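One chain, chain A, links the two complexes that follow: it is found with chain B in the first and with chain C in the second.
Showing the complex of A and B:
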C-alpha cells in the first residue's frame, strides 16, 4: 500500500507543491536531452543517406574528442584545434570510403552494419594508440556551472534590432515565396498568382519593432514594455520574456488566421491551398527565440538553476540542426543523398557517384561527432566511456524514428526530461538509479505501439 | 516506319566489338559484336539467360568485359564506372524497376536532372579526376554556402529544371501521380516513371531493360507507343532488350538475337524472323 502511494500519489503531490523545483528539473532534462540528440543526429544522418546503422558513431565521438584534446595538449589554441580536428574527421571519412565502403556497393545492409562494427574496434584502438588512453580534461572555456546572468544583459536597442532584423528577414523571404508560387503554378497548371510582398507577418513585426524604438526614445533606456516602470535589470528581463511570449502568440495567431482564411477561400474556388510562406516561420522562429532567451535569463535571475554549459550545448545543437535540415531538404546534394539511400543501382544510373556521396555523408557525420565530442568531452572528460553514449542514442532513435532529424531532437528531449523527472520524483518508490534504465524501458514501450518511432516513415507492407 | 524516320538514322554511336564476359567459369557473353546507329531503335532479343541484361550492363559500365572493345561516340572506351556512363549521355532503366521508392514521382524524375544541376564547385571537382573525389565534400560545402547566399538564382535554376521535368510528365501522361510516392504505384506506372527519369537525363543513348516485362497487352501497347514517340520527338537512340519477340519486332529498326551468350542473328526484323537459327533458339528443334 505504501509502495503504491509512493508510486502513484506522492510524486504528483511533490510536483504540484513545488512547481519551481519541477521547472528546474525539466529545464535540466531538456538541456541534457539536447546532448543526447546531438549523438543521435549522427546516426540519423548516415542511416538516412546510406541505409546503414553506423555502429561506429559513438567511437567517432570519442575519436574526435581525443584528437581535439591531443591537439590542444600540443599547444594549439582551441579554435584552430577544432578546425584541425574537423579536417581529421574529413580525412577519416575519405579513408573509410577508400578502405571499406568502396567494396560494399550493392551489398546487403547487414554486411555494411558488420563493417561498421569492425570500424568501431579499429578506431577505438587507433585513437588510444595515437593520443594515449588516460582520462583527459577538455576545457573549452565555458564553465560547467550555474549561469551568471549579468553577462547576458541586452540593451533595448539590441532588442529592437533583433525585431527589425526579423522583419527584414521575413520581407526578404517573401521573394522566395514568390519563386515557390511560380513552381506551384507549374504544378497545378492553374495560372500564375503573384503573392503579395507584404503580408500580415511583416506588418506585425514591423509594428513591434516600431514600438520598441518608440519605447527606447520616448520613455528612456530603462523603459518597461509591459507593466510599470522598470528599475532593475531583473524586471527588465521579466518584461522582456513577456514581450517575447506576446510576440510569439501574436504571430502564431496571425499565422493561424491567415491559413484558415486561405483554406476557406481555396475551398470556395475549388483550388489548392497555397502554401504558407517562409516569412511566417522566420517570424515565429524569431519570436520564439526571443521568448526562450528571455525566459532562460529570467529563470536564472530568479535563482532557478540553469547550467551555462548545457545551455551552450543546446544552442550549438539547434544551430547544427537548422543547417543540416536545410542541407538535406533544400539542396541538390540532399536529393542525391536520399536517392542513394533508396537504391544504389538506380542512383548510379542517373550519374550519382556513390563514392562522392558516401564521403560527404561520413564527413558530415564526423563533424556532428566532433560537436558531440566537444560537448560530452567538456562535460565528463575525454575517456573510453565516451563511446558508450552511443548506447544512450539508441532509445532516442527508437523514439524519434531512424530517418528523421526532428525525430532525433524530440526523442532526445523526451528521454532527457523523462529520465530526470523519473529519477527525482520516482526514485523513493523504486529505489533510485532510474536514470540508467528509464530510456530503454521507454524505448521498449515505443517498440510495442509505434515501431517506426514518432517521426519515422510509416511502414507500409504491400501484400 | 516512315521515310522521315529512316532518313534520320545516322552514323554509328556505339560499336561493340568482340565482347566476352565471364563470371568465374560461367561464360555470359562470347565474342559478340554489333553497332548501334544514331537515331535508331535497336533491339537485343533472345531466350531467358541469353546474356541480354549482361550485354546492357557492359554498355552501361556495371560489368567490365574480359575481352573486346566498346567504341562510344568515336572513342574507344576504357574501363569505366556506371556514373561516368551517365555523364557521357547513357541513361537506362532496369528489368526489376529500380526507383527511389520513398520519393514521389516528381522527385524521382528530378533525380534525372541531378547531373545537370551540379553547382560550379562540384562541377570543377568532377573534372579533376581522383583529386576531385577527395575534394568533393569541400566542393559540396562551398556550393551549399553559395546556394544559401544566392538563394534566388539557385531557385531560378531549380525552376528551369522543373519545367523540363514537367514536359516529360506531360509526355508520359503521368500528371495525376505527380505527387504520389512511387512505392505505392502499380507496376506498369512504375515502369513509366522509370522511363521518365531516364528521359530527364536527356540521353544520347537510352538503354531499356525489358520495358514490357510483366505487363498486360494494353500496357505493352502504351509502352511501345512511348518508345516510338521518344525516338520520334527527341530523336533519342534507343537500345532495348526483350525476350518476347512480338512487340519488339514491330517497333525496332534492327534486331540482334543472342542465344547462350552468342550472336545468332543480326538484321532487319523481317529477316531475323525468318532466320532458321532464331526459330530454333525460340522453339527448339524438331526431333
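Showing the complex of A and C:
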C-alpha cells in the first residue's frame, strides 16, 4: 500500500507543491536531452543516407574526443585542435568507405550493423593505443556550474534602443511582406495567405516598450536595468520586463508560425503562393533566440538552476542543427544526400556517386561526433565510458524514428525530460538508478503506438 | 534445384529425412563429437577447461538459442544477456530456496522454463515492432532485467554483497545421495557444480546438454515449427496470409530461444563462474552472442557452434599468440591491440563471407554431394 502510494500519489503531490523545482528538473532534462540528440543525430544522418545502423557512432564520439584531447596535450590550442580533429574524422570517413563500406554494398542490414560493431572494437582499441587509455580532462573554458547572470547588465538606454529597433523592424518587415503578397494576385484571391500587417508580435514588442519606460519612470534613469537589486520596485520591473520581452518574442513567433501554417495549407490546396523570403527565417530565428535568451535570463534571475555548461551544449547543438539543415536544404551536396536517402537506385541513375555520398555523410557524422565529444568529454572527462553514450542515444533514435532529424531532436528532449523527471520523482519508490532502462521503456511505450517512431517514415508492407 | 548427374542419392523416405543426408557430413559431425568427448582426456591441467572448453559449451548453447530467434525467426534480439541472467538467477533461487534437493539437470531445465516465460513477456512487443526498432526495444529487457536482479534483494537471498553463488549439487540430486539404497548410482551422479566439482565432469555435463539441445533444435527447425519460423522471417505478412499465426509463432520462437539462453545462463553461473553478479550478464554478452550467430551463420545450427568457437577461441588465441611472436608490450597496450585485431578480423570475416562460416561448410557440402565429380 505504501509502495503504491509512493508510486502513484506522492510524486504528483511533490510536483504540484514544488512547481519551481519541477521546472528546474524539466529544464535540466531538456538540456540533457539536447546532448542525447547530438549523438542520435549522427546515427540518423548515416542511416538516412546509407541504411547503415551505425553502432560505432558512440565510439566515434570517444575517438574524436580522444584525438582532440591528445592534440591539445601536445600543445595545440583549442580551435586549431578542433579543426585538426575534424580533419581526422574526415580521414576516418574516407578509410571506412575504402576498407569496409565499399565491399559491403547490398548486404543485409544486420550484416552492416555487425560490421559497425567490429568497427567499434577496432576504433576503441586504436584510439586507446594511440592516445592512451587514462581518463583525460577536456577543458573548453565553460564552467560546469550554475549559470550566473548577476554580473550581466545592460544599460537602460541600450535596452530601450534594442527594443525600439525590434518594434520598428517587425513593423517594417510585415509591411514589406504584405506588399509583396498583394503583388501576387493569386495569393490574395484565396484571402488566406496575407501576412498580418500589425501582428500581435508588433503589439507585444510595443507593450514591452511601455513596461520599459514605466520602469524608467519608477526606478529612475541612473539604475542599471538588469542586474541591479536596488529596490523591490526595480527588481519587480526588471523581472517583468525580461518576462515581457520573452513573452513578446514568443507571441511574435507563434503568430508567424500560424501564418506559415495557413500558407502551407493554402499551398497544399493548390494555391500558387509566393515563395518565402529568406527574411522570414532570419526574423523567426531572431525572435526565437530573443525568446529563449529572455527566458533563460528570467529563469536564472529567479534562482532557477540552469547549468551553464549544459546551456552552452544546447546552444551549440542548436547551431549545429541549423547548419546541418542549411547544408541539407540549400547546397548541391545536401540535395544529393537527400536524393540518396530517398532512393538509392534513382540517385545512382541520375549520376550521384553513392561512394562519394557515403564518405560525405560519414564525415558529417564524424563532425557531429566531434561536437558531441567536446560536450560530453567536457562534462564527464574523456574516457572509455564515453563510447557507452551510444546506448543512451538508441532509445532516442527509436523514439524519434531512424530516418528523421527532427525526430532525433524531439526524441532527445522527450527522453531527457522523461528520464530526469522519472529519476527525481519516481525512482525513490522503485529502488533508484532507473536511468539505465527507463529511457528504453519510455521509447517502447511510444513504439507500441507508432512502430516506426514519432517521425519515422511510415512502414508500408506489401506482399 | 540441383541438376545432379552423380552423387549421393536417396532411395528411402528415411534416408531423405535424415538429419545429415551427406555421408561426409555425417562422418564430420561424428568426428567432431568424438573429438569433443576425447579432447578433455588428452589436455593437461585445468586451464583449458576453465578458460576455453566450458565457456565454449555455454556460448554454444546461448548462440543456439539466439540463432533460433534471429536466424530462423528473424527477430533481432539484443536481450540475450538479460535472459541468461534470468536463467542464472532462477537456478540460484531454485537450488538455494525452492528445491535444495533437486539435481542440477532438472534445475537447469526449470531455469530454462522460467527464462522462457520471461522471454515470452519481452517478446510481446515483437508483434508490433520490427527490425532494428525491435532490436533496440529488446535492450529494454536487457537493462531492465539486470537492474531488477540488482535492486531487488530477494533475487540474491538478501546477501550483503549482492552476488549469487553456485551451491554444490549433483547431477540428479538427493535421490542418489551416498548411503542410500541407490548407492551404486553414485558414479552416475557426480558433483557437477561449485568449485569442488571436477572440471572434466562439468565439461562433459555441459557437452551433453549442448548436444542434446542441438539435436532438439535441429529437429525443431526442420519441422513444421521451423518452417513457420522461416516463413515469418522471410516475410511476415505473406506468412500470415498462408495461414501461419504470427503471434504464436513469434512468441514460440521467443520462448524457445529464451529457454536455451536461460539454460546457458544457468550453465554460466553453475559450471563456469561459480559466483556472479548482474555485471556478468551485461550488454557485452548480448553483443558477443549476436556476433557468434552472425559470424557462424544466421539460420544454421552448425553455424552457432562455429561462431561460438570463433568468438571464444579468438581472444584466447590472440592472448597466447601476441606475446609468442615477441612483441614486448605492456598489458594495457596488448589488450588494445587485441581489441583492434578482434574488430578487424570481424570486419574481415563479414566482408569475405557475410553469410557466416556455416556458408563455407554449406558450399563444401554441395560439392561433397557430387563428389568425386564436381560438375
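Note that the second predicted complex is superposed on the first by the 312 of 463 C-alpha atoms of A that agree within 3 Å, B and C clash if a C-alpha of one lies under 4 Å from a C-alpha of the other, contacts with A are read in each partner's own complex, and residues count from 1 in each chain.
The rule we apply is simple: contacts are C-beta pairs under 8 Å (C-beta built on N, C-alpha and C of every residue); 3 or more make two chains touch, one makes a residue touch a chain.
For clarity, every value in this text was computed on a predicted model and none was experimentally measured.
Colleague: Where does A:90 make contact in the superposed view: on chain B (first), on chain C (second), on both, or on neither?
Modeller: Only chain B; A:90 stays clear of chain C.
Colleague: Figure out whether A:73 sits in contact with chain B (first) or chain C (second), or with both, or with neither.
Modeller: In the superposed model, A:73 contacts neither chain B nor chain C.
Colleague: Scan A:120 for contacts with chain B and chain C and give back first, second, both or neither.
Modeller: A:120 sits against chain C, while chain B stays out of touch.
Colleague: Going by the contact rule set out at the top, does A:395 touch chain B (first), chain C (second), both, or neither?
Modeller: second
Colleague: Should A:453 be classified as contacting the first partner (chain B), the second (chain C), both, or neither?
Modeller: second
Colleague: Which holds for A:349: it touches chain B only (first), chain C only (second), both, or neither?
Modeller: After superposing on A, A:349 lies in contact with chain B but is clear of chain C.
Colleague: Looking at A:444, would you say it contacts chain B, chain C, both, or neither? Reply first, second, both or neither.
Modeller: Second partner only.
Colleague: Just to be sure I follow: which residues of chain A are touched by chain B in one complex and then by chain C in the other one?
Modeller: Residues 462 of chain A touch both chain B and chain C.
Colleague: Can you check the complex and tell me which residues of chain C touch chain A?
Modeller: Chain C residues touching chain A: 70, 76, 125, 128-133, 136-137, 139-140, 143-144, 146-147, 150-152, 235, 237-238, 241, 283, 287, 290-291, 294, 298, 332-333, 335-347, 350-351, 354.
Colleague: Can you list the residues on chain B that touch chain A in the complex?
Modeller: 60, 62, 81-83, 85-87, 91-92, 94, 98-103, 107, 110-112, 114-115, 117-119, 133-134, 136-138, 140, 143-144, 147-148, 151-152, 155-156, 158-159, 162-163, 166, 178, 183-184, 197-198, 201
Colleague: Going by the contact rule at the top, pick out the chain A residues touching chain B in the complex.
Modeller: Going by the criterion above, the answer is residues 90, 93-94, 175-176, 179-180, 182-183, 186-187, 326-327, 330-333, 335-336, 338-339, 341-343, 345-356, 359-360, 363-364, 457, 460, 462.
Colleague: Which residues of chain A touch chain C in the complex?
Modeller: 53, 99-100, 103-104, 107-111, 113-115, 117-126, 128-129, 133, 391, 394-395, 397-398, 402, 430-434, 436-437, 440-441, 443-444, 447-448, 451-453, 459, 461-463
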